[in-house]
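The next part holds the structures, each set out as structure tokens.
Look at the two complexes coming up: chain A is in both, with chain B in one and chain C in the other.
And then the complex of A and B:
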């Protein structure tokens, strides 16, 4: 009996003493990072990192969550992350980091896969963290600037980027694991969303500013938001956005088509020297704005709208591709990757210097627009 | 004492869980990225003859385990030598699996915790499970398998929106020799590891067919493994699958349904541990049965604790770091070949000759 009682006592005590986390970190002991920015170190050696940290100290009655900023420097990126502990009470926690902002100059001078390595390795950082390039400003400034609605800049920025493709089609979001795959994929180059600062009324805010184009590992240049839309068409990645045109008026657009669905097919013809890329897009759209005298019930007039837009769209897609061919000579559209995946024989011939083949490729674009409805109004 | 028996169906469940054990978490790592699922099918084909041999041995000597058959076929001396070899293999395999798990837990979830407590934690559960006997293990397998299959189906269903079928292309464009090489690696880990079930064979109910048990176990295990690997490829892409230590875990981290159903990897990694515990228990049981027959003991129950401590000691010293674990996986196929193929073939030939003479 006595022995049993002792055993029971030990059992009960050990549940209290040995269970739970010995290295428990409570919310009050964590500095939760919502996003971070990487710049070059001041004397061009090492890195300067800026972290946006959720401030859990203040009560929620005083206007929601606030954020604080921590800056730190180090020889390597991870060194800089640890050095932040010199300034903060608790260690940084990256489980909720949504965004990594890279400085334009850093991305031009250093390999992106080396910059991203520490984040892919670390178990705290999610594979789904977004990466963004800050254009015309330091990354640290970008993360510390205000956004319009959300108090947490990183969260708002991430949301803007993730939802952009469906609404304005001016950029393309890429997450850590996708970046890793694209960098390793033959015949495809990386694009990342670019942001820059604009004036909204009197205060400066962050805005999406097209795409950053990579040639291999290094940043090569940018596409404007308008060009990015046609990039998305060519890469078969567009999910929404608007097309504007006019039928009668030459100077100003007066019609808006909202893209509902798009399907892009790429065919390639190889004649032994040059490759010819035939890009066919088929787009379903709603006619949402019509400030012209067109009878939407008349099939002929609607067809004329379609034809006009088809002409315009195919011209703009092909000029965007040509711009990339001439300026960057790198296949951000993944045309080569499609060949690698579905036409191994051709890839064996052209794969070794695909960038050359892409740069000299002949481009032909055929676009097709279907207008599905004209919203709730029959006539103007 | 009444002999413990397990029904044929529960034996199948045990084989399935055993096959999924650590390969589910390591994700049958290969060098051929998007073609891994083909390698698994090829490995299943490769393991058909060897599994026929295992089943034939059980069929010829029903209600006996591999150690009894050794002595019966080869005599006392050679029988004891072969018995000790299989015991060593079982203990070593158990140690490797424990190590896989402690490395996984340390890298992915508890970087600050030393591995020894993790190993002790996993092993105390297996000691308890093994001591409860093979009957309990059979029933445990039935429940756990349902959980495991549910979780895999659930992760596939909830990640369909993030999958990209393009990740599977190009098909079979890698170096010609890599496919059979990787298939052979998958053949030896996990499929041919089921040689250890020969040690538990004495507990199979008499009326169930050993062929049916082995084949349905292997087929179901292979299909579940293929589904998990295909999910990883579709979610992560070939490069990430090739280069990450634990592709299944990384793939599950990507799941995100409307910002609500997200970060479920903790829930899923418990799934890995459940299958792992089953596999380790089977290794420990197999070694205990072996020692029981080696020293003519009455019961294997008292041996389980010492065997588990051996496993613990071995898994603590077997590698210095994670990189060694991965490089050993590459030569494991050759190391395990005698235990998985040569000894069973010799035994099978011996069995056939012995049966003819009778």
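And then the complex of A and C:
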């Protein structure tokens, strides 16, 4: 063989020998982590982690998948993850982890971007993992408590967050990658879903409980599920949910409108001292419940319903914004980010001190409701 | 390394050519003495019991002998149409000299008679089932066609069954096969060109093509390659295939074969050349394209929507059969993140307690399948049933419940095994590719599979079949040829034969457009 052939042979062989996938690991050499919870360490140093791992022992044919819990402590989060290996046969596999639960106190005391760093850096963890705040309990307790339908708590929690974002408009589905996007974006603050334990009949279960509001990288407080809905309106992120009102009845609401589509526009006026934010929402809705004496075919009466609801909605949105302005002084709605993107000159004036400008901004909300459909029935 | 083998092969071929040339120069003539001739024949054929030499005399003392082989000739024809007219015919008394022309013209009542003057032709004649008439005093002999032997009737081919279309299949008898073709194409331009190959077997080989459609260069190339074959035996068309193919060291075959006359007819009508070998029902056609492996006659006989769907299914089957075990191994050992969580969990459960790594598990099952398949072909038909039961039990239930292999593995092997039967022409190459891909996947994951696919593609594009690119019409891309590659366009849109196949007569039909609306206007 001549020189050329030998060189070619070496070149071909080296493509095989020096490359290729090297992380060989059989399916039976891994423990699938479905979710994990992070608490502060006991003596206020380090961290305590709780993992929910899928239990292969019981067959899924008989009574569904079972889960097991592993707890570990460490000086850093990664240290705690490695320490968990001491208790399990195989290395923990995070490729299917769906949720990371943070303790309330931990989120208040520590920088969330630093807490999440290890998960964003690791190649196994998906960027679509949800991060939630456990409101009035330890994160470890949250992950080991039961949920109603699914045997795997983490999977159920993730489903609840994704679906509630769409159907009940009571939370915001912010995933791991979005935390960094929002934290690094000028003029915008982070919100994360909050969970708390409630009584369902006799047994305690987990429930999505509005939003956790961050000021910078630290937790500042919470919004209730109802306020979360108006937050979603203002942030142009609402995809569904209900609006209720009454026209004649003064004591209780007797009409339900289901939100189909919403578009929110924000305008701003700057007079040199204060900024004025004009929020315009336009909502398409279906009339789904009507316990009042209204003829749905009469345009006048329907318009009256719309007007009433418009009035109510704009009031609630502006009061939610005002609550955030007064209590947290942080722009979770991303109004500042819109200015940054579309009005650079204004941002140069207000950007450096945006939280102050936002806190003192004048809010005006204009809502518009279009009822598209009244679900077939004319009148009861 | 391959270069070395190629050079070696070339030098061997040259040696053989020279040998052949020296062997051809002497040809023995028939002598005038009958005794001498019979002695010659006896010394050539030895003491064979089936060679019969009937000596007799007729007319005014003309001594003669008939030589034929028992079992290959029709005795009734010999008795009634050769011996009887010579010995008792009303003109027989007129014969007083061994006048071969007169006897041929007036006495022999058989349709095909030839006169020859060399001993080789005489021997060749009776070995092929003819009867040879030798006369004392004549240096010529008559070769009279009396062939008649036991043969299989035309049956439906076992390997290529169809739902719609002709059920005829070729048989072992070459003349039956040529007649089947002649019946499909009743055209004076259909040429059936016969040669004899094999020094010991003297096997008849026919080159079949349509004059005016097939390129003359192609026909000449086929003939010259057949001429170059220097071997003592041709027992099946597979011998010819291996002697004339372009890439003898490739795992892909570049010569197509079939058992069905309608397939051969369609292919020679596209400008291909067929090679019929006596003694086998498998007929070769050249050149072969890779896409031919995915075509069946029914693609053209049934309407095109459904048949296109089936053709796409065939391509998918091919990918499954070569890649499924490899992808399974790669994903479960390197790329678990590609598996949806619930599926991953099910697979992990199935693999729980399996003693082998996924690669070994796959290897065991693939080997078991190949063993079963081979056994199914070789074993007597009567115990085939038992095999399928044992196979199903061993491959499926028992292996899973004993915890030797996981249930997903059985599914993978089953789909792999079933898929291969959709593309029978590539079955042999696919079986080898499957193992290559499996090893690549086990060592390098999906990266290895990608490298393997690229390598296969490079190799396929380098192949040629009788100077036609193997991957035509995909590489080089030919838009007209693609009417009949991955999908099959309606018949009336395929106006031309495959590009380059027929330079003289590329059109199949005129500007006939199948549009009922247009016809109404006229």
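In the analysis below, the second predicted complex is superposed on the first by the 356 of 380 C-alpha atoms of A that agree within 3 Å, B and C clash if a C-alpha of one lies under 4 Å from a C-alpha of the other, contacts with A are read in each partner's own complex, and residues count from 1 in each chain.
We adopt the following convention: a residue touches a chain if its C-beta (ideal position, glycine included) is under 8 Å from a C-beta of that chain, and two chains touch if they have at least 3 such contacts.
All figures in this text were calculated on a predicted structure; none of them were measured in a lab.
If we overlay the two complexes on their shared chain A, which of chain B and chain C does A:6 touch? Say first, second, both or neither.
Neither partner.
Who does A:252 touch here: chain B (first), chain C (second), both, or neither?
Once the two structures are laid over each other on A, A:252 reaches no partner at all.
According to the stated criteria, A:65 is in contact with first (chain B), second (chain C), both, or neither; which is it?
A:65 contacts chain C only, not chain B.
With both complexes superposed on chain A, which partner does A:44 reach: first (chain B), second (chain C), both or neither?
A:44 sits against neither chain B nor chain C.
Of the two partner chains, chain B (first) and chain C (second), which one does A:23 touch, if any: first, second, both, or neither?
After superposing on A, A:23 lies in contact with both chain B and chain C.
With the two structures laid over each other on chain A, which partner does A:56 touch: chain B (first), chain C (second), both, or neither?
It touches chain C, and chain B stays clear.
For A:32, is the partner it touches chain B (first), chain C (second), both, or none of the two (neither)?
It touches chain C, and chain B stays clear.
Figure out whether A:180 sits in contact with chain B (first) or chain C (second), or with both, or with neither.
first
Look at the residues of chain A and decide whether chain B or chain C touches more of them.
Comparing chain B with chain C, the partner touching more chain A residues is C.
Just to be sure I follow: which residues of chain A are touched by chain B in one complex and then by chain C in the other one?
Of chain A, residues 23, 126 contact chain B in one complex and chain C in the other.
Where on chain C is chain A touching in the complex?
Residues 1, 330, 332-337, 341, 344-349, 351-352, 354, 357-358, 443-448, 451 of chain C touch chain A in their complex.
If we count contacts the way the header does, which residues on chain A are in touch with chain C in the complex?
1, 15-16, 19-21, 23-28, 30, 32, 34, 54, 56, 59-60, 65, 93, 95-96, 124, 126, 155
Taking the touch rule as given, give the residues of chain A at its contact with chain B in the complex, in rising order.
Against chain B, chain A makes touches at 22-23, 123, 126-128, 177-178, 180-181, 183-185, 340-342, 344.
Per the contact definition, I'd like the list of chain B residues that touch chain A in the complex.
Within the complex, chain B touches chain A at residues 107-113, 166, 169-170, 173, 236-240, 243, 250, 253-254, 256.
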